[in-house]
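In the two assemblies presented below, chain A is common to both, partnered first by chain B and then by chain C.
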Partner chain A sequence: MKGLFKKLVGFTALSSLLVLSACGGTGEQAGSDSEGGNGEVVKADVGVVSFITGSGAAYGEAITGGLKLAQEEINAKGEVEINLIFEDSAGKQDQALTAAQKLINSDNVTAIIGPTLSTEMNVVGPEADLSGVPIIGTSTTAEGIPQIGDYVFRNSIPEALAIPASMEKAVEKYDAKKVALMYGNDDVFTKSGFDTMKKTAEEMGLEILTIETFQKGQSDYNAQLTKIKNYNPDLILASALYNEGAVIMDQARKMGIDVPFVGGNGFNSPEVIKIAGDSSNGLIVATPWYGEKDDPKVQEFVKKFEDEHGKTPDQFAAQAYDALYILANALKNAGEADRDKVRAALAETKDFEGILGNFSFDEEGDVLMDPTVLVIEDGAFKVFE
Partner chain B sequence: MLIEQLINGLTLGSIYAIVALGFTLVFGVLGIINMAHGEIFMFGAFIGVMITSTLNAPLWVAFAGAIIITAIMGYMLERFALRPLRHKQGVSHLAPLISTIGVSILLENLSHHLFGAGNHPFRASFAEISFQIGSITVYLVQIVIFVISIVLMITLSFWLGKTKAGKALRATAENLETASLLGVDTKRTITMTVIIASAMGGIAGILVGMAFNSVTPQMGLSMGLKGLAIIILGGMGSVRGAMAGGLILGLAETFIVVYGDSGYRDAIAFLAIIIILLIRPQGLFGQKIST
Partner chain C sequence: MFAELINPYYLQVASFMLINIILGISVYITLSTGQLSLANAGFMGIGAYTSALLTIHFDLPIILGIICGALLAAICGILIGIPTLRLQGVYLAIVTLGFGEVIRVVFVNWESLTNGSVGISGIPHIGREMLKSFQGFGFNPSAIGLQNNQFIFLSIFLLLLAITVFIIWFFRRQHFSRVGRAFAAIKLDEKAAESMGINITYYKVLAFAQGALVAGFAGAMYAHILAYISPADFAYHRAVEILIFVVFGGSEVIWGPVFGAFFLTLMPEVLRFISEYRYMIYGLIIIIMMAVRPQGLIDINLLNWFKNKRETRRQKHGAGNQKDM
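So, the complex of A and B:
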């Protein structure tokens, strides 16, 4: 009896909250709609679901930082006026869904940017698609995200695009024919990176000499590396996170393996240089974001971000920054803050010049762009030619 | 290639053996499995990293520092996690096991906090010394690890078998009450044992850091589980068993990679345990327990 009473009280409290927040939302929305149709400045509310608190708070910080910077610049130009409404997902699926529902139903946003994790997007994406709200993922790299529905987009390069790009360039430069593969078999991310590597290697007609595995936190890779050394590969494809990857490179170089390594996005971190030192030379990775590019737009963004946050922007900040510009562009083309018109305009995005590079959406809402391929030389990341 | 892999296997096996020696010592005397041993080993490795790369001190200082600090940790472990549970009415015999698991979680998180989650390289010029025999590169560290493990095993066997302190320790292991009636300071003996075992963990930590150039807060757990597997394989409480079990496991893990699939590398340890337990439940060097 007591339990039932508690539940009842809880339910009443919850529903009254819902009603309250719904009221607040309609008021705001009325304001943005009436001016949106005037054909002057397009005003729009954009919801952001991000990993702001918890273990991945660093992602949220980078993403919101990039978005706010873009918002200031866009609003200053005066063509589009964007009002960002931030919601925290704490990296949890249920919280991300609640946050998205609030944005869609009570805040009546025109579009959503986020959530941070692919697992979150898998629950938020269908909800947004069902409600007809365009949603852009800026950091969701798992397979199948844009395929969720017509309203789901992303501007983060999936592994399936980044890895072949780096492999092609490396194979071309070193005229590689025989490769050895290594991957962490207890991690979904490195496993899927390995699948892409293997598929690409087969498509390119490379001879796969051996496939070796390792586990997270392993410290001794000598047995696998001695075996690989004996096969004498031209290239080593390693799908590893940077912690394990750096140690692998260190032990390989010590053993006398001096061929280049090609890694996935998890391997792409300045930490590799910190851990492995000189042994990290010769690591080739593809990245959507390269902060030292000789482009005034890129340099301006890096400078502004550094002034505000005291650290160099990472790919998450850059991808979020570009995403808001892409959305602003679509809003301008749509002419008003209408969800369906914005979706149509987004889908037509083509050859957009952002800080990541030349960007287009394909017919599914997935990324069409060439990632930058980098190599570690003399202890620093450089563009791989 | 075969000889190179043999060296790899012996290096890994020697490290396993040193870790297992610490386990077997504590089990032999106290009859408990010290789940915090892996984390003390990890702390030894981190102290080695801190002393050599942050303070730029020579290697012997790192060894001394790691031994002293892990010995202190061993004392604290015994004083605060084990002793309060001994000879208490109504305390389950599993309580010390749980309490060492608690210590291991505490230590792992503490090292996350102190040193960060990432991988720390071990930069010691000693680890770079190598020489060439034919086409094979042998690192001095690999030889040192092997020698240290053999020396530790012989010293321990001698100490346990021939010295008065060792005899007191064995008497304590056999029967705590009788030993204390016969004038053995059992409290001191137990404390000494835990301290020595922990210091050996510290030594193993530095050796791993040098050999593989990788130190992370998570390394304690997997090493701890391997150590546990080895003492079951070799026989609980047996010094020779720990040594033989360590070498067998190290070689087996290496050769499964050479001739089989590296994905089964970790499975081999536990497969070996199942087989050994079926054929020889007391382990390779263990004594049958008669009740």
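So, the complex of A and C:
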């Protein structure tokens, strides 16, 4: 017995030692240099937690692409020198948390950008807040994210802002009174989008005819659509991700439902046009990012991104790009790479002119800006008037 | 000196490692009767949701919440264990996998209680609560030269370490007891075991319930360490991940899942420096392992080899405790 216990203790001691030594490799270097102050270059380490591997790697690719582009430009200007440290979260909460812990405690970063998903932010946000590290979400749109704490910010337009904007415009134009709702009930993103749609519809006094649900990866929506068709709504509010959403639109048009669709942020992707073709006409979405905008800054970004990655930037790339600029601006104003000073400077961000438009943080660290409402017409996104 | 060594990042990884070890053991227990259960992610979810909801809505102390979560998971284990006894191998695996999915779908659809796919946030954090109660007793982490967050993660780690050591000790004892012998007999040949007078029903359900209890416990700890859970955490990916710990490490002895969980949790963290490629390497390691050692890395032969080597060394040098074990 005694021997067994000894062995157990020995094993656990050995394993914890191994953990400590094995992780120690990359930890020690760097540490944020905080010179600067009187007109010198502000140097800062910024951590990035992103969905780089796994099912959502496309998000991670867009985000890191946008960030790297912004980093090059910012460093070239010479006022702020940002060193980005990328960590992968694989879309999992526990991985996101360990990645953030590494950045906060081993790399001593001044601020963190990311993580990609709202579920990850729900875990990482409180930890960063307690450790006093400013953290900016660039793609976290669910409700309640900036409310986690003083150190938590985001520059992605929440669903609570985007959906009402598109709904109001659509209802106004089509004089809609009766709506049907559809949403994917097993996804955080579509579920919280639906909650906003329902709330907004009730506030606007619209009559909700029916609420239909579907699941991720479903391929046949005829049952739900037949029911919706019988109710004859003026508008269909669909909180879906683009892969399911495009199929829904395709099947609806084939069934003879020709009313416009209003979608959430996840529905907003050029992929919809690719998948659904002509059936996608009439989809209305609100977006923070419109790449066709007649703004030299926007066009320059699109061109640079295309040269490097061979495809047009999506909203995730654009939001990440702007986030790093907002952070660089805060670093410049703070004068040094101090976590608390940077947080204070971030909170004061006002009327920042980025590629997304005019941007400010409200007192909670949430977004204050007007989204652009787009509609698909003749197989292309156009501004919805 | 001591304080500088304590980095919350390492402690966080170590804590997840310990939780994964506990989960690995939960699969090992059912496997030791020859039953392949993939329901452990579901049991984990039951433990996590029960404890989270109880502590949030009824202000139950975390310890009670965790115990309730583990017990409810065990009860579900008994309930699912009884009807699935007749099934074996792949069929049992499919049924238990289905059970796990049903649990997840319940979490998704029971919105009034579980908040649907959005998940539950604001779960009491076990480390922060411990810090609070310690401060209530007038103890301050700075007294031993620690910062608050260092203390939080150190206390979580030590707590989990103590529990893991206890669980390993318990199931190792059990392995060499009458119960363990019965498990092994059932695993080798059910019919023969029955004809020798072993109550198969009892022992199989016992193994199932024990596995569920341990998995439920791990789930509850997981909820109180992350402070946020959503149904997606307990999908079949998790079930497969847990199973890989056991298959990789070896399912014959308890050190198999312990090593498997230890190694496979550590790997992605150690490989962080190659970012995009780390999961490729992770997958490659698993493939190579399975091709070279299909029985898992640690099996009885390996342990015996170690033992023999030590024996011979002992005989040479004449040291050590002879009545070991």
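The working rule: the second predicted complex is superposed on the first by the 330 of 385 C-alpha atoms of A that agree within 3 Å, B and C clash if a C-alpha of one lies under 4 Å from a C-alpha of the other, contacts with A are read in each partner's own complex, and residues count from 1 in each chain.
Quick note on the criterion: contacts are C-beta pairs under 8 Å (C-beta built on N, C-alpha and C of every residue); 3 or more make two chains touch, one makes a residue touch a chain.
Note that the coordinates shown come from a computational prediction; the quantities given were computed from them, not determined experimentally.
Asks: Taking the superposition on A as described, I'd like to know which of chain B and chain C A:292 touches: first, second, both or neither.
Replies: A:292 sits against neither chain B nor chain C.
Asks: Using the superposition on chain A described above, determine whether A:370 touches chain B (first), chain C (second), both, or neither.
Replies: neither
Asks: Tell me the contact category for A:52 with respect to chain B and chain C: first, second, both or neither.
Replies: The answer is second: A:52 touches chain C but not chain B.
Asks: Would you sort A:223 into first (chain B), second (chain C), both or neither based on which partner it touches?
Replies: First partner only, chain B.
Asks: Who contacts more of chain A, chain B or chain C?
Replies: Ranking chain B and chain C by residues of chain A touched puts C first.
Asks: Scan A:207 for contacts with chain B and chain C and give back first, second, both or neither.
Replies: A:207 sits against neither chain B nor chain C.
Asks: Would you check which partner chain A:271 touches, where first means chain B only, second means chain C only, and both and neither mean what they say?
Replies: First partner only, chain B.
Asks: Is A:185 contacted by the first partner chain B, the second partner chain C, both or neither?
Replies: Both partners, chain B and chain C.
Asks: Quick check for you: in the superposed arrangement, does A:168 touch first (chain B), second (chain C), both or neither?
Replies: Neither chain B nor chain C is touched by A:168.
Asks: Both chain B and chain C contact which residues of chain A?
Replies: In the superposed arrangement, which is not itself an observed complex, chain A uses residues 185 for both chain B and chain C.
Asks: For chain C, which residues are in contact with chain A within the complex?
Replies: The contact residues of chain C facing chain A are 5, 7-10, 12-14, 16-17, 105, 108-109, 116-119, 121, 125, 149, 161, 164-165, 168-169, 172, 222, 226-228, 230-233, 258, 262, 266, 268-270, 272-273, 275-276, 278-279, 321, 324-325.
Asks: Could you list, by residue number, the parts of chain A that touch chain C in their complex?
Replies: That would be residues 1-5, 8-9, 11-12, 15-16, 18-20, 22-27, 52-54, 86-88, 90, 93-95, 97-99, 101-102, 104-106, 119, 122-123, 126, 130-131, 142, 144, 185-188, 191-192 of chain A.
Asks: Which positions of chain B touch chain A when the two form their complex?
Replies: So the residues of chain B in touch with chain A come to 1, 4-5, 8-9, 11-12, 118-121, 123, 130, 137, 139, 208, 211-216, 218-219, 221-222, 253-254, 257-258, 261-263, 265-266.
Asks: How about chain A: which of its residues touch chain B in the complex?
Replies: Residues 185, 212-224, 226-227, 230, 243-244, 246-247, 250-251, 254-256, 271, 274-277 of chain A touch chain B in their complex.
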